[in-house]
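Which chain is which? They are A, B, C, D and E, in the order written, and residues in each are numbered from 1.
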Amino acid sequence: MSDEYILETRGLTKEFKGFVAVNNVDLKVRRGDIHALIGPNGAGKTTFFNLLTKFLPPTRGTISYRGVDITKEKPAQTARRGIVRSFQISAVFPHMTVLENVRTALQRNLGTSFHFWKPQSSLHSLHERARQLLAEVGLREFEDELTVNLPYGRKRALELATTLALEPELLLLDEPTQGMGHEDVSRVTQLIKKVSEGRTVLMVEHNMNVVSSIADRITVLQRGGVIADGPYAEVSRNPLVIEAYMGTEAGELQGAH
Amino acid sequence: QISDGVIKIGIMNDMSGLYADIAGPGSVTAARMAVEDFGAARKNMKVEIVSADHQNKPDVGSTIARTWYDVDKVDAIFDVPTSSVALAVNQITKEKGKAFINSGAATSDLTGKACSPNTVHWTYDTWMLANGTGSAIVKTGGDSWFFLTADYAFGHALERDTEAVVTKSGGKVLGKVRHPFPGQDFSSFLLQAQSSKAKIIGLANAGGDTINSIKQAAEFGITKGGQNLAGLLVFITDVHSLGLNTAQGLIFTETFYWDLNEQTRAWSRRFAAANNGKYPTMVQAGVYSSVLHYLKAVEAAKTDDGPKVIAQMKAMPTDDPLFGKGSIRADGRKIHPAYLVEVKKPAESKGPYDYYKIRATIPADQAFRPLNQGECPLVK
Amino acid sequence: MNHAAASTAATTATPAAGGTMNAQRTAFAVMAVVFALAPLVVYPVFMMKVMCFALFACAFNLLIGQGGLLSFGHAMFLGSAGYISAHSAKVWGLTPELAILAGTATAGVLGVFAGLLAIRRQGIYFAMITLALAQMVFFFCLQAKFTGGEDGIQSVPRGRLFGLVDLSSPWAMYAVVYVVFIAGFLLIWRTVESPFGQVLKAIRENEPRAISLGYDTDRYKLLAFVLSATLAGLAGATKALVFQLASLTDVHWSMSGEVVLMTLLGGLGTLFGPVVGAAVIVTMQNYLAQLGAWVTVVQGAIFVVCVLAFRKGIVGELIAWRDRRKAK
Amino acid sequence: MSATELLRIENLHAWYGESHVLHGVDMTVNEGEVVSLLGRNGAGRTTTLRAILGLTGKRTGTIRINGVDAVALPPHRIAQLGIGYCPEERGIFASLSAEENLLLPPVIGSGGLGLAEIYEMFPNLKERAGSPGGRLSGGEQQMLAVARILRTGARLLLLDEISEGLAPVIVQKLAETIRTLKAKGYTIVLVEQNFRFAAPLADRFYVMEHGRIVEKFDASELPSKTAMLNEFLGV
Amino acid sequence: MTEIFGVPTQALFGQLLIGLINGSFYALLSLGLAVIFGLLNIINFTHGAQYMLGAFTAYLLLNKAGIGYWWALLIAPVVVGATGVVIERLMLSKLYKLDHLYGLLLTFGLALIIQGLFRNEYGSSGQPYAIPPQLVGGQNLGFMFLPNYRAWIIVASALVCLGTWFVIERTRLGAYLRAATENPQLVQAFGINVPRMITLTYGFGAALAALAGVMAAPVYQVSPQMGADLIIVVFAVVVIGGMGSILGAIVTGFGLGIIEGLTKVFYPEASSTVIFIIMAIVLLIKPAGLFGTQK
């Protein structure tokens, strides 16, 4: 059981002074899936993410990761367990080179992060791995660029590479394609597909093209509660979902993005 | 013989801070006058005066002292208010074998634990203030006290010494309260003093603290209520800035007042003329007479070597228009009379700086701490 | 806002940190030689003062330059360390090296407590909190018995190093201060380049991201703070022996202001800036001593000018100038 | 053409500090029409809008709003010429409640929508009226950002990526809103990533590339332009 | 009569009242700081100097022009506010694009300059300033003698605080201010003249400081240093209240005044540190301060 499902929430609930943002959600994420979380605005998707990553404490309910209850852990802890999130806005270290960005993530496992007496050269051993990761997201040739100077799409790619450096087993992506031009969208979509090999991905996404093309499973939230759950084909036909989320004008359904 | 031909005098004090008015540029003026009156030119002795601001910081002070002695060939340092700086300079002077004649600092350690063959303490010190004010007031009827004490070494010392005197001369201390230093608002402490019903409220603090406590005492009608304030360290400048209205009735001790006699008046007018109208404080007067005496000693000893001059200064009696005849003890303490003064009512004052009524004169031999009580290694 | 601090600091720092290592090496060599030979021409006590403050400023700079945190209360470390080393040398009769050690350690411990409180906020908040904490320490030192209130601890014996070398000779003393300064400087330099330094930079750049990468950022900031405090303490402890006194001056907030001034003038976040800044300010104070209150006016003016027109500071401007030359 | 010209931009250059972003943009917008500004990421569309309001660093060229030269004016005076701006990053004020956000922009012209009208257009907002702006969800913030400027009676609306991050239902709702506004005679500049959203709404299109206008055409020519659009936008 | 920890309740009332009086000054000063911080995100280190300037303006008005307290109460804030406006236009306005720490450093420098200049001119020992004739004397409240002037201080500052709070939290102008605090550019893009708003706000903050200065003149010495140390305490007050929170500044201002007052009775030695200790505790429990919001 706990090895079929990598992440499991039971009765997870978040209230903000009276207002229920996430309403007793039972979610099971199967290991190896790309699991999409969709829903109308204000449904509670981001909040749900924040609960999973401990940026918010739940009001009620439990989160278990590979059978272990992690409800009470600190953000940094869950990160070290292998649950890593990306932010709705791109998160990079602007005044470091692309390579250093990735290296910063790798460095943690070295366990020398508090050693203020060690020379920087002690980090060079990490460069090879860093370059591999950069290659994976197609940033190999940018490794010495200062990150500020990268265009938006590439920043997202870099962010992904940094995230991968942590060897995450579970990737949490909040609207990974937001604010991207179409070629960026397709690049990142392929990227996600690619990196999901041997990993589990849980993502919030409004872009139906993306969802339909790569999601194995979809959960639809509305007003904090789950209204549908299943493979895309099935869910997208669910009248509740169409009414609450996709909208009636079937023509524009696909066209939403 | 005079080292490299000139007698170089350094006036080091606070030129801009809290003590700028009691010492500051005024002290430099006083020193100049002393050199004049001594007639250095006539006796073709070359005397130079340099001055610096120690900003009341011991480390600034000691750097200045060191450079003065090592680099600028200064022979003697004068004035130096602020005990911390004074003690630092005292020690360096001893190290470098120069001379240090202090006028501005209050700490009686200069002639006690820290006394040195290179140092003379000229004008006043805490013991003398405590003793003068304490005993004299008790004698004149103020026999129950409450202390308002600045909560740091200096305040504690003043309080300790005064309390001793008060009890010794038959008065009693009803209570005391320690106020933060520097303080802004003293009203709550004053209320405590008031409810103690003590006849005398002793202000064991200095500068702004004293001024503010006096102001606020007036405001809360404490002085009107029949209690008297005794300042343990008050200068004429403080009275000046408080104004008679607020300060009237305040009692404290000084060793110099411009209106003592013809000589003091004459000199003070000269001084005021040179010091844009401001009358001399006892510190500035002290600088004048100490420089004068120092030069006489140099002349007599025919050297400006520190210890020798100091020894000479101690050997010969002092005599000058401001402090009259006096002497310097083995421990370096300059001995002269002290005056218990009370601030006049506005009505009684004939004009600016006519501030004091002399309530009592404490003869020189009683004014200062007895030689044997100072724990000064020099006196065995 | 903290991030902005970072970028401003970073932009000045990157030229120094990145790329031109050898430039820094030569600069260091020059500095080492200059300080070694200076006492032959300049008054030694003055040079020692410069070195003490230079180390103090470097320690302070470690925090703003790497941590992006501006402390407005660093005097508390300089001062308390001074008091402890003075007290332990005078009253307990410890040998100088032990006295310095004691002082430094105290500053370190104080740093832990102050840090735990201060690092919870950033930017201006941090500045004000450190300032307030320092003020607390000041009042403590003012009232505590052993500090001698405003008299300070006077005539502190310099004693014999390891019970052998008599430090009352200015040369011996100078040698000690020199070694302390160089060692402290090298340690700071290394810290900047170390793995730890990298993490600090990351935190400064984007803290939430650093957290999400699994870094417990507060602990890194705390370590940075404690390091800075300890080194500031080292400077203070040494200074106390040099001047043979410890006084309130070194715990007063105006001292905290001075170290900011030195660093700002020399160049925030640059390696050598604080040293240059300290040298300039100390010299100024020495030669303007006669000017009295004008000293503060001049200092204030320097602040204003630096902030308005000269933000990179002396060294920062030099680096910028060099890079522009390179660019051409 | 006959229609009165509301906005005219000629040879507009704009900089962010050192970096020169707009290299001579030319475009005109007539009273009552909806104009869409298309382009890739970083093409310079947001910058164009910001430059119109004087929110970029340096800028040169001519910008005429109702015939008034705006280049010389500070942002608030430009806005008072009757412009409503909905920024890409939404710019919701976290410390103000949703309603305060809604009521913040001062009324600068007649004929703005009433609060009631707005709330019926965006029910979510009514629901969250009391809660601090910073607490709103991404989408709610987006709706608020649009709603906010409909009150002020500004006649020229500059909308930057308003369909971004919205659920399809809401996107459809916004499309209707735009039509309504157009019917009410508003003039709208629509910066859109999402071509399919803009396509049915706009009367005319401008395509940007590297800070220049590279194409302009009417809705009627749309079919014939798909090839070109594919090339520029990868639609 | 009854006692609390050996202190007669009578006396205690007196002490509470006194605390309240000092609190009024804290409140006024921290209010000014909070207002400035709110909109400019600058810790106005010059605040202490501006407080001093207020007092000196009153002093000079009296001695150079024979203009008395009540007019000074009006003129001094206007004058100092005006200088504030100049400072903002000429200097601070150049710094908004930069990190706020630069604002702190600049104002710190300005404070040094102003205080230094006044020290050169007037020395450190203070100048006297008499209590306005209308307010000399006082009421005997039985448990204490309350000088009329002190009573006036409490009333006046309470009024000023309330007024300011109302304007900022409850009016449209206030909403603009709060919005501009977050995103001035956008607010300006809505058609509001933000630069002027900022300038005036700084001027207003400075004026508040000056007002406190004038009120302080008759009670304390008018001296160049009068603001220097006080301001640090006020900083602590602002931190405790929660930076930028108007209400926080006011409430903690008065509250801490009282607490400090009580400390002076029960454990005077700590009265200079108590505020900082409280700050430490508050920070441990609520890093954003009592009324602050972590941002």
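Heads up, the rule we're going with is that a contact is a pair of C-beta atoms (placed from the backbone, for glycine too) under 8 Å apart; a residue touches a chain by one contact, two chains touch by 3 or more.
Labels paired with UniProt names: A, D = ABC transporter ATP-binding protein; C, E = Branched-chain amino acid ABC transporter permease.
Every value quoted in this text rests on a predicted model; they were computed, and no experiment measured them.
Listing every chain that touches chain C and chain E alike gives B. Chain pairs D-E and A-D differ in how many C-beta pairs they share in contact, with the greater number at A-D.
Among the other chains, the CA centroid farthest from that of chain D is the one of B.
Each chain's centre was taken as the mean of its CA atoms, and the one lying most distant from chain A is B. Separation between the centroids of chain B and chain D, computed from CA atoms only, is 77 Å.
Centre-to-centre separation between chain A and chain D, using Cα means, comes to 30 Å. We define each chain's centre as the mean of its Cα atoms; on that basis chain A and chain C are separated by 43 Å. Chain B has residues 16-17, 20, 151, 180-181 in contact with two or more other chains.
Counting partners per residue, chain C has 139, 143, 292-295 as the residues that reach two or more other chains.
Among all residues of chain E, those that touch two or more other chains are 116, 119-120, 269, 272. Under the touch rule stated earlier, the contacting chain pairs are A-C, A-D, B-C, B-E, C-E, D-E. Residue ranges of chain D in contact with chain A, taken from their complex: 40-42, 88, 124, 128, 131, 135-140, 142-143, 161, 164-172, 193-194, 196-197, 233-235. Looking at the complex, you find that chain C touches chain E at residues 1, 4-5, 8, 70, 72, 117, 120-121, 123-125, 127-129, 131-133, 135-136, 139-140, 143, 253, 257, 260, 264, 292-297, 299-304, 306-308, 311.
Within the complex formed with chain E, the residues of chain D that make contact are 53, 55, 74-77, 79-80, 85, 87, 91, 93-96, 100, 103-106, 108, 152.
Only residues 43, 45-46, 49, 139, 142-143, 148-152, 154-155, 239, 243-245, 247-250, 285-286, 289-295 of chain C touch chain B when the two sit together in their complex. Residues 53, 74-76, 79-80, 84-85, 87, 91-96, 100, 103-105, 107-108, 110, 112-120, 122-123, 162, 166 of chain A are the ones that touch chain C when the two sit in their complex.
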